[in-house]
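Each chain carries a letter (A, B, C and D) given by its place in the written order, and its residues are counted from 1.
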Amino acid sequence: MKNPILTLCGLGRRDEYFKGRATNRRSKKSILVSAVILGAGLLASAPLHAQTLRVGMTTSDVPTTGGIPDNGSEGGRFAGYPIFDALVNWDFTKTDQISDLTPGLATEWHIDPNDHKRWIFTLREGVRFHDGTAFKADDVIWNFDRHLNEAAPHFDKAQARSYRTYTSMVEKYEKIDDTHVALYTRVPFSMLPYLISRVFMVSPTQYAKIGNWQDFQKAPAGTGPFKVEKVTPRTSIELVRNDDYWDKTRVPKLKRLVLMPIPDANTRLAALRSGQVDWVEYPAPDSIPGLKASGFQIVTKPYPHVWAWHANNSDASPISDRRVRLALNYGLDRKSLVEMLGGTAIPARGPWPDSYKYFGRPSENYTYNPDKARALLKEAGYGPGGKTLKLKVQVPTAGSGNMVPLPMAEFVQQSYKELGIETEYTVVDWGTMLNTMRQRPDRPGAPHLDVVNHGLPISDPTQFFLNFHGSSAPPNGSNWSLYKNPKVDALLDKAFESFEPKERDELIAQAHALVVDDAPWVFVVHDLNPRALSPKVKGFKQAQSWYQDFTQVTVDE
Amino acid sequence: MLLYTLRRILYAVPIALAVSLVCFMLVHIAPGDPIDAILPPDASAETVALVRKDYGLDKPLPVQFGLWLAHVVQGDFGRSIANRRLVADELVSAASKTFILATTAASLGFVIGCILGGLAGAFRGTLIDRAAVSFAVGGVSVPHYWLGMVLVIIFSVTLGWLPSMSAGPGDWAWDWLHIRHLILPAITLSVIPAGLVTRTVRGVVVEILSQDFMTTLRGKGLRRLMLTVHVMKNAAPTALAVMGLQLGYLMGGSILVETVFAWPGTGMMLNQAIFQRDIPVLQGTTLVLAMIFVALNLLVDLIQTALDPRMRRT
Amino acid sequence: MRDDLLVLARDLRVKFTTGVNAVNGVDFDLRQREVLCILGESGSGKSVTLRALMRLNPPTKTIMSGTLELGGRDVVQASENEMSDLRGPFVSMIFQEPMTALDPVFTIGRQITETILRHENISRRKARRRALELLELVQIPSAKRRLDAYPHELSGGLRQRAMIAIALSCRPKLLLADEPTTALDASVQIQILLLLREIQQELGMGMIFVTHDLGVAGEVADRIAVMYAGRFIEEGPVADLMRQPLHPYAKGLLGATVHEGSRGKRLTTIPGAPPDLRDLPGGCAFAPRCTEAEGACLAHLPELRTPVPDRAARCIHVDDRPAAFGERLAS
Amino acid sequence: MTEIATVSSGLVAPRRILKPRRASYWRAVGRRLLRDRVTMVCLGILAVMALAMIFAPLLGLYDPLQGSMIRRLKPVGTPGHILGTDELGRDMLTRLIYGGRLSWFVGITPVAIAFVVGGALGITAGYAGGRINMAIMRITDVFYAFPSVLLAVAISGALGPGIGNAIIAMTMVFIPMMIRISESVTTSTRNLDYVEAARSTGASALTVVRVHVLPNVLGSIFVYATTLVSVSMILASGLSFIGLGVKPPEPEWGLMLNTLRTAIYTQPLLATLPGLGIFVTSLCFNMASDGLRAAMDVRA
């Protein structure tokens, strides 16, 4: 163990928790001061073990830990997959392509060949919850009851609603035998596994012991690679390694994982730089050059995200004219925007990045072409000699996936000003904007809006469906644009009824290509999901996903 | 004295009621139906009606206020819309964190202010005076959220001496592990009270030193130390009053500093509640902070009266 | 030097850093049991002179020069510590406004005992007993209860008595009183004056008494000094000076004041205003207001002339010979 | 003009002469101000800032909203951009000057409204006394029972972000303060002998207020209002800082401070400039109002 005297002199190895605090110890004075601070700290503090990874999240509070994490995808990333498993998990191993599904608590699943609404899941055996009880078929039923069965005593009235997007397609569910369950969809739906990948399995025994979902969050029991040790609201979630994790390749190398909500980008940055955390999510683009210069690792990977202008395609708006939307897509200098973002994004040409298997072969290629944009605008009757195009745009102040919305919005505004387009922004908080998007833009009494500026995940085809299918207009889905192309709708419907993967993927790619050409949105950039890691964090391989794997990470002493 | 105390406490009751009315009305000055803040817009008509009934929003405003007040008096502030946790539980932990920060900052400001103000007053017109006054003006003029950032860069990032954020791991304890988290935010927050107390104490000391009785005291041959005791006792009621009020202001005004330092107190809670339109939290936090302020005002008045024999007869 | 000499002042000057020349050369002696009354208008420098005796003027803003000795100790050169040792046991002062001259947040008893404890090595209990005796000495009724009273709980007269008790607490040899009765009701004034006089005689103190009220001066003084623009312009035994003032200013004052019995009545004033102490004229400071002034008055500051032993005045119209004075009286 | 001189026995000893503050008084205040070097320097700085803001469009500055990605985050001292450029490549000097316009506007407007409204209510309460006073002052007490930052944040939080809402919120904070000060000043003036005298001669209430009360109390109320300007500027920027005040892309110091914050490690000087703007302005307002108060504090 460490020699306390050496430590006091600032010479010995210091306790992990204090590492990085006194990096600049050139002057004798500061050695003395830090020695005093250290001494006092050592005397008073509980020893924190090595192999602790402390993460600064962007959320404003700790995500809920009861198996229905809030705070969007970031909640799933930190309070979802590390603690729990779903029947179907995400595969983090193939980091060279966009992540796809992998077996979780179900080892295998398939559609009933005789009933295209009936899915059969084979359950993994020998899995134990954190409370020591075994995972069984009954538990799956119990967990779906939590979400869907309002008559069940443990129905989670408060939280189930927020997961309707993932569960509403499930009509009923039944236990076949101890290792098999069946899920029934309302209509034939080949994408079900994507949806239920967010339905996490928690221990009924632990719930029975605690008695209500509110308190369950303080001591939840899942089956995931980490166990919850302590939840301090608005401060931290402390996780410890689950040595008995069923996937032996993914038993965490870390001993502890501490998650702290630090919504303010600058505070997050200061916390990383002062050694209070080892890892921050979404470092502000302007801070990246400085971080790199100071030896921090910046990791980026594309993932299915798009930061876009959702255009109001209804008749009320000038932007319902396709030529205008094409002009907007051609008239945007995305390269400069990417430069402003410090390379944390790539230019977008459609809802999905062109490296994705679903990209397809669209005919429009949105490169920066202001002349073409001007010509298109002229054709539509705007520009010199014609009308001035004026757009009312709603922009959020922040929010998961929105990157740095305000400077980016200002950039777009400037870019369009050069085309003679006037944009007027209404800045709102994210929640308000989500509210806006849950209502049709053309409903009576709605304030006029041409565009909503939103960065969002389109992680899988179901989300594509919710954004671009004609039936997905609010309140059914997220198609605020009221985009409707019968061809796209037909392709998607067909794809979702198809249980042949190859055919399905091709249909989706065709639909995607059509959407690109119709340009219901202005596709701006795909985020590269940047995170900044202290130099001592090793072994992290960023997946091309909204979710990430913390089990392979180590932290150097 | 007793009569005065009683009267003063009685007078605080209508104030407290009116304050809670203002907090209650906060929801209703917000544009739109408060139900919009509670439910997603796609909620069905029955759900809306149900929730409206649940929250008592179908009743006339005065009745709603009465119901709300009845709950609040029993410590029931409802549940947060954002995270479903009990607002009362959240408030207890957040308010205690803010209280720790605010009292530390106020005490720090008080000590600095008394020393600087006392010196400035005693050495009026000298370099010490000018330095102290400059500090005081600087203190009340500096945007403290900006100062916080600068302090973080110097002491956390460059020197690496102190943490830049949060209140330390787990629950609060008065050990170095946690106290080190307190230092920077407390210093940042103390700048304003330090400035104000410096100004006030300087003014009071100058005033006291110009009083005839100071000449009397010198005429009795008292030494400097004894003179200081007299000055202090005379200055105490005013200084304490300023300090008490400042504590109240800091409790309610720490929102910016808490945001910069991610200090998990009421300020951060309020900030989140505002942006999540979490009305129960907004109402509850505002009410509790305002009530603390009312109580502090009352306490300051009473202490001031107790300390100043001239006021006791009222 | 005789050891009953309490005060010796020679060419005492007090200047303020603001440029005001408050005291411009004052000479006088005071012996034990003697009562000197300094008489003058507001701003004539009488209070400053009094405070200068204890060096109580604001230390950083005051420049003192000349000779000033209290019981043989040099006041001008003494250190602050030496001065504070002197204040209390040797010299103490009663102030004009008992309301503001007492610390409002300390009890009367505490304000007396702290003085005693400062100068004498006795126990708190003994000091308190002495405080009680002192309150009885100054005839405060229910003295025991008053010991724990705060100044604002006492009437003006009682407060001034308490002030006197504080001043007497270390049995000073020299008592200074700065208009101690001005702020009081007429009926109380006379009680306080009588009390002061009585105690002064009983304890055998020397006393310097500042007032602008001739009636008061006549009540208590052995000698009177009339002050104008920071100088003694006339000095002499009380009876002589009141009957036959020498200096035109003193004459004016007396003309403006009826003798005992009509105190407080509005009277004729001397025309004109006192000189600006920042910029004093070279000659006689009173000349601009003086009906008898002539050119020579402005040329030089008049010498102090002594027409009869024991009397003196700064006016060129006053003969410096006792005989001439007598002749004039006769004519 | 009424003179009250206390006469004591023997010699006339004038104590304090109270009289309405007239032109000569204001001239004296002016003279004292001119002699106060610190205050003059502060007023000078404020004047220069104000002039720059008023005449900003004539100064040959850049467009405050037009940036360029090539020249973003240039350090202080870059040729052509003497104070550098911000995160969108907009000229910092231009943004600071235009930002000052908004910061000053949002800082001063609430105080100005509160000065008029609160002053009027306070003078009414003070002069009328009785029930009117009771009604106004008790309502004031309620708003006084909130810590000012909390009240501003809560109101503007409830109303939602935006300049207008921020101004409303801050006005609500300052009105009770102005009412209190003007009520107390008016009450004490009302009881002065000469005002009593004027009232007893049967002059109408309005005349008495206009001729005798206003000239006496306005000065004190005004000085108090100037001290609030500094508080208001900091509060306004603070609201923008947490996203409750001015919205982008409008330049405003608090908002600029917030958006430039992340660049503080790469361009520390640049990132601190808006904070410095707030600091200097509020410092100057504070010192100037101190100086003004000192100059007006002439004991007659």
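Just so we're on the same page, contacts are C-beta pairs under 8 Å (C-beta built on N, C-alpha and C of every residue); 3 or more make two chains touch, one makes a residue touch a chain.
Not measured: the values here are computed from a predicted model.
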| item | value |
| --- | --- |
| Most central chain, Cα average position | B |
| Between A-B and B-C, the pair joined by more C-beta contacts | A-B |
| Chain separated most widely from chain C, comparing mean CA positions | A |
| Chain B and chain C: spacing of chain centres that average the CA atoms, whole Å | 53 |
| Separation of chain A from chain C, taking each centre as the mean of its C-alpha atoms, in whole Å | 89 |
| Separation of chain A from chain B, taking each centre as the mean of its C-alpha atoms, in whole Å | 38 |
| Centroid distance [mean C-alpha coordinates] between chain D and chain A, Å | 46 |
| Chain D residues counted as touching two or more neighbouring chains | 160, 243, 261, 264-265 |
| Sites on chain C at which at least two other chains make contact | none |
| Per-residue overlap in chain B, given as positions that touch at least 2 other chains | 149, 153, 157, 259, 271, 275 |
| Residue ranges of chain B touching chain A (in the complex, touch as defined) | 36, 40-42, 79, 82-86, 90, 93-94, 149, 152-153, 156-167, 169-171, 175-177, 180, 259-262, 264, 268-269, 271-272, 275-277 |
| For the chain B and chain C complex, residues of the former touching the latter | 125, 211-213, 215-223, 226, 230, 233-234, 307-310, 313 |
| Chain D partner contacts - residues on chain A that touch it in the complex | 265-266, 269, 273, 284-287, 289-291, 294, 333, 336-337, 339-340, 397, 406-407, 409-411, 413-414, 417, 425, 427-429 |
| Of chain C, residues touching chain B in the complex | 51, 54, 56, 60, 81, 84-89, 92-93, 95-97, 100-106, 114-115, 118-119, 150, 152-153, 163, 166-167, 169-170 |
| Chain B-facing residues of chain A, complex | 20-24, 30, 33-34, 37, 40-41, 43-46, 48, 60-61, 64, 70, 158-159, 161, 214, 230, 232-236, 238, 258, 260-264, 266-267, 270-271, 273-276, 397, 429-432, 435, 438-439, 474-475 |
